[in-house]
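Letters A, B, C and D mark the chains in the order given here, with residues in each chain numbered from 1 onward.
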Amino acid sequence: MNETEIRAIFLQELGNIAPEMDLQRLDAYADLREALDIDSMDLLNLMTALHRRLGVNIPELDYPKLMNLDGALRYLGDRLK
Amino acid sequence: MTDGLVDFTMPSLGSDMEAGTLVEWLVRPRDKVKRGDIVAVVETQKGAIEIEVFEDGEIAEILVEPGQKVPVGTPLARVRKGVPASAAAEAVAAAAAPPPPRAPAPEPKVVAPRRKEGRVLASPAARELARSLGVDLAKIEGSGPGGAIVRADIVGRATAPEEKKPIGLDLAAMREAISAAMARSKREIPHYYLQHQIDVTPSEEWLARTNAGRQPADRLLFAVVAMKAVALALKRFPQFNGFWREGKFEPAAAVHVGLAIAIRGGGLAAPALHDVDRLSLDELMTRLRDLVPRMRAGRIRGSEMADATITVSSLGERGVEALFGVIYPPQVALVGFGTIVRRPWLTENEVRARSVVTITLAADHRVSDGHAGALFLDEIGKLVQEPEKL
Amino acid sequence: MTDGLVDFTMPSLGSDMEAGTLVEWLVRPRDKVKRGDIVAVVETQKGAIEIEVFEDGEIAEILVEPGQKVPVGTPLARVRKGVPASAAAEAVAAAAAPPPPRAPAPEPKVVAPRRKEGRVLASPAARELARSLGVDLAKIEGSGPGGAIVRADIVGRATAPEEKKPIGLDLAAMREAISAAMARSKREIPHYYLQHQIDVTPSEEWLARTNAGRQPADRLLFAVVAMKAVALALKRFPQFNGFWREGKFEPAAAVHVGLAIAIRGGGLAAPALHDVDRLSLDELMTRLRDLVPRMRAGRIRGSEMADATITVSSLGERGVEALFGVIYPPQVALVGFGTIVRRPWLTENEVRARSVVTITLAADHRVSDGHAGALFLDEIGKLVQEPEKL
Amino acid sequence: MNETEIRAIFLQELGNIAPEMDLQRLDAYADLREALDIDSMDLLNLMTALHRRLGVNIPELDYPKLMNLDGALRYLGDRLK
């Protein structure tokens, strides 16, 4: 899976969790929890969706690595190599 | 009287609701229904709410048409009791129920919004819901048979990109309803507050260990530990579980915990999880995962809105240490969990870095007092520290 | 209409004010006035308050004489608009304005209270103020031309030694006004409370470093850091800045922070510092140094009393850790800063002695909820920790 | 400047800050903040006034030495020697 596909899926699932937010303008380094007002339930739903869509089972200990767009895409890219 | 006709009425979905608008029927005359089936959608100040029937039987007659606003208690339909549930009823229930969780298989590709020539494939219920929510069906991806759009696809999906607001919830109306209830609460309920700090390191470690061996779909959150602890403590302290009505306290038989859920954009609701004292942490988590997105999408059932017997408010990870809330009338107590913080703490007479949570209680002094409240809060604190026993 | 006559009316100096007594005119008919000039002193429940004119022009007619008590909105004088401000107006303004800060040159000697044969040298305005406040001019040291007593000398100076009470403030009336506003607040506003502790050691160290290189006249206090942090956090959380009026929230465009100031002897007032979000810490400190003694001496301007959009209450150095206050209606939030205390605290996972402050929020649940409140309080906490960026 | 003059100036400035208090009866060893209900703003105004009147620039670190009448007069006496 290439970088563009991963990005599209990640943004789509983020959009499902925070449908009223404008993800076009999301800063690549902004903390997702603050930028999108995401709580622990949202976060868990996001991880569940990424597991379902990409087959990547992200352990809780790795959550901090996915807390901004840039980090998340790098993490998922590494896991899907 | 098992075969008689009974009225199915506009329910009261909260003590502040006076009327509701019937938005959609999910059944037609002669449809078979089972107790608990969702048969209609009602628009209230809290948003579009799905309402359930409380009898097994058959829809005999529809009395109120979509679009009509009627007072609480007005008969909406007549139900012929005692007709055994049939395949027809099952079908209705299946159409209205939330979709089963999808299998965790990777999907190949991002599907672009389908736009077909002519009519989009969609169930009548989905079509009706889309109309009432102002959602463009052409922009929705269907997950039903043959790619048909079903109700579940509409809820939680983005509307047209230019409309960046929560779907199906009228936040202004919701804010008004909260205003009225909160103002009434502080006018009528003499609130007292208690505060207690506890070391939840063992609880966090147990959750981390448990979740480490699980896929995301099966992981637990601290919120279910908190809710279960409150529910079990209520069995010993029933004076915090129930309603103040007509000048006296009515203890509730069941423990239905309302969970305060913030809606992005400024809304707030506290729908109930039923029988929390009798559910395992896993069952509770399954219910919570179903409830939160439904709530945020405005797809909440009438009974969930109306019958919480106590409220739990949890500030989550990005909040502050303690909250002293406003009791949701006619309830008589609200338990608050602050954000878990790292603090120096004494364990076995040594100062160590531990995870600490501040638990607070707001309670109705007409029903209970500080002594009972303190024992109740202390019991919650002890239960939270031993999640493996919950 | 630029040359027409307009009414100058008894202003509303707070939502609880119904009437005021005209104590003193600082202008006479045919005096030129500029927008913002202080033209009269009014006695209210909050004490003697200086009121400003909102038009450039000329005083055409005085309608209410000193000593008369009239309802809010009653015309006090007529102003002919559009007359350009002249030297005469400048003179009036200069006489009424606070004195310029004195140069920090050591004064040679203690001057014994002047007592001259016959008439004491004093400006008419000072004479009038002294009369209304019951101050003996013979006991006041003049700082005006030729040692003349000006208004500024009277305010803040001791009255005769046997009258040991604050000047210009009727504490009993002030207490009554507070009583009425606070009782109304708790009857009408559903308060919820949040509490958070933060480590302000970096902030204290920054203040100590900054002040070490400054003369006392230029030093900063923690209070200005606190106020500025609240003002900046409000830009992201506007639902805490404004008024609840006629059943709905009106957000305020500007950030005017009311600072709760205790008056020795039992009074309390919360005059506003204007546009706190747009002032540097130094500018804020200058305003604060002007405001606090004026407030304590009862020389406060109408606009300062009436238009705070939020209140900050700081317990200072000799208080306790946390306060849960009462919102000043029609405002919708109050931020409390407890006394800074030394506590064991975790920094980089090690236990160290740190300076910790407890910040609290009391907010109106008709307008906001705990989730938003927690994010607001958390943001204030973060801003307070980085004073160099404020 | 002699001790009497320093004392007179100090008491006068204290009186300006807490005009309603009876300074005649002030205990020489009482904590001024408690005895006169003085807050940090009052204290800063006092230090500013002493700087203006006596030319003594008192650093914040020395404030604790001036927290009672006796200590303040000794401190100011030492600085004005």
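What we mean here is this: contacts are C-beta pairs under 8 Å (C-beta built on N, C-alpha and C of every residue); 3 or more make two chains touch, one makes a residue touch a chain.
Please read these numbers as outputs of a predicted model, since none were measured by experiment.
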Problem set entry | Chain centre separation (chain A, chain C; CA means) in Å | 49
Exercise. Whole-Å distance, chain A centre to chain B centre, using C-alpha means?
Worked result: 26
Exercise. For chain A, which residues are shared contacts with two or more other chains?
Worked result: 37
Exercise. Where does chain B touch two or more other chains at once, residue-wise?
Worked result: 262, 318
Problem set entry | Touch-based graph of the chains, sorted into line, ring, star, complete or other | line
Exercise. Which chain pairs here would you call touching?
Worked result: A-B, B-C, C-D
Exercise. Contact residues on chain C for chain D in the complex?
Worked result: 102, 104-107, 109-110, 156-159, 161, 164-167, 208, 211-212, 215-217, 219, 221-223, 262, 264-265, 288-289, 292-293, 316-318
Problem set entry | In the complex with chain C, residue positions of chain D that touch it | 5, 8-9, 12, 15-16, 18-22, 33-34, 37, 39-41, 44-45, 47-48, 50-55, 57-61
Exercise. Hey, which residues of chain B end up touching chain C in the complex?
Worked result: 178-179, 182-183, 185-187, 193, 260, 262, 266, 268, 313, 315, 318-326, 336, 338-339, 342-344, 351, 353, 358
Problem set entry | chain B contact footprint on chain C (complex, rising order) | 186-197, 239, 324, 344-346, 349, 351, 365-375, 377-378, 381
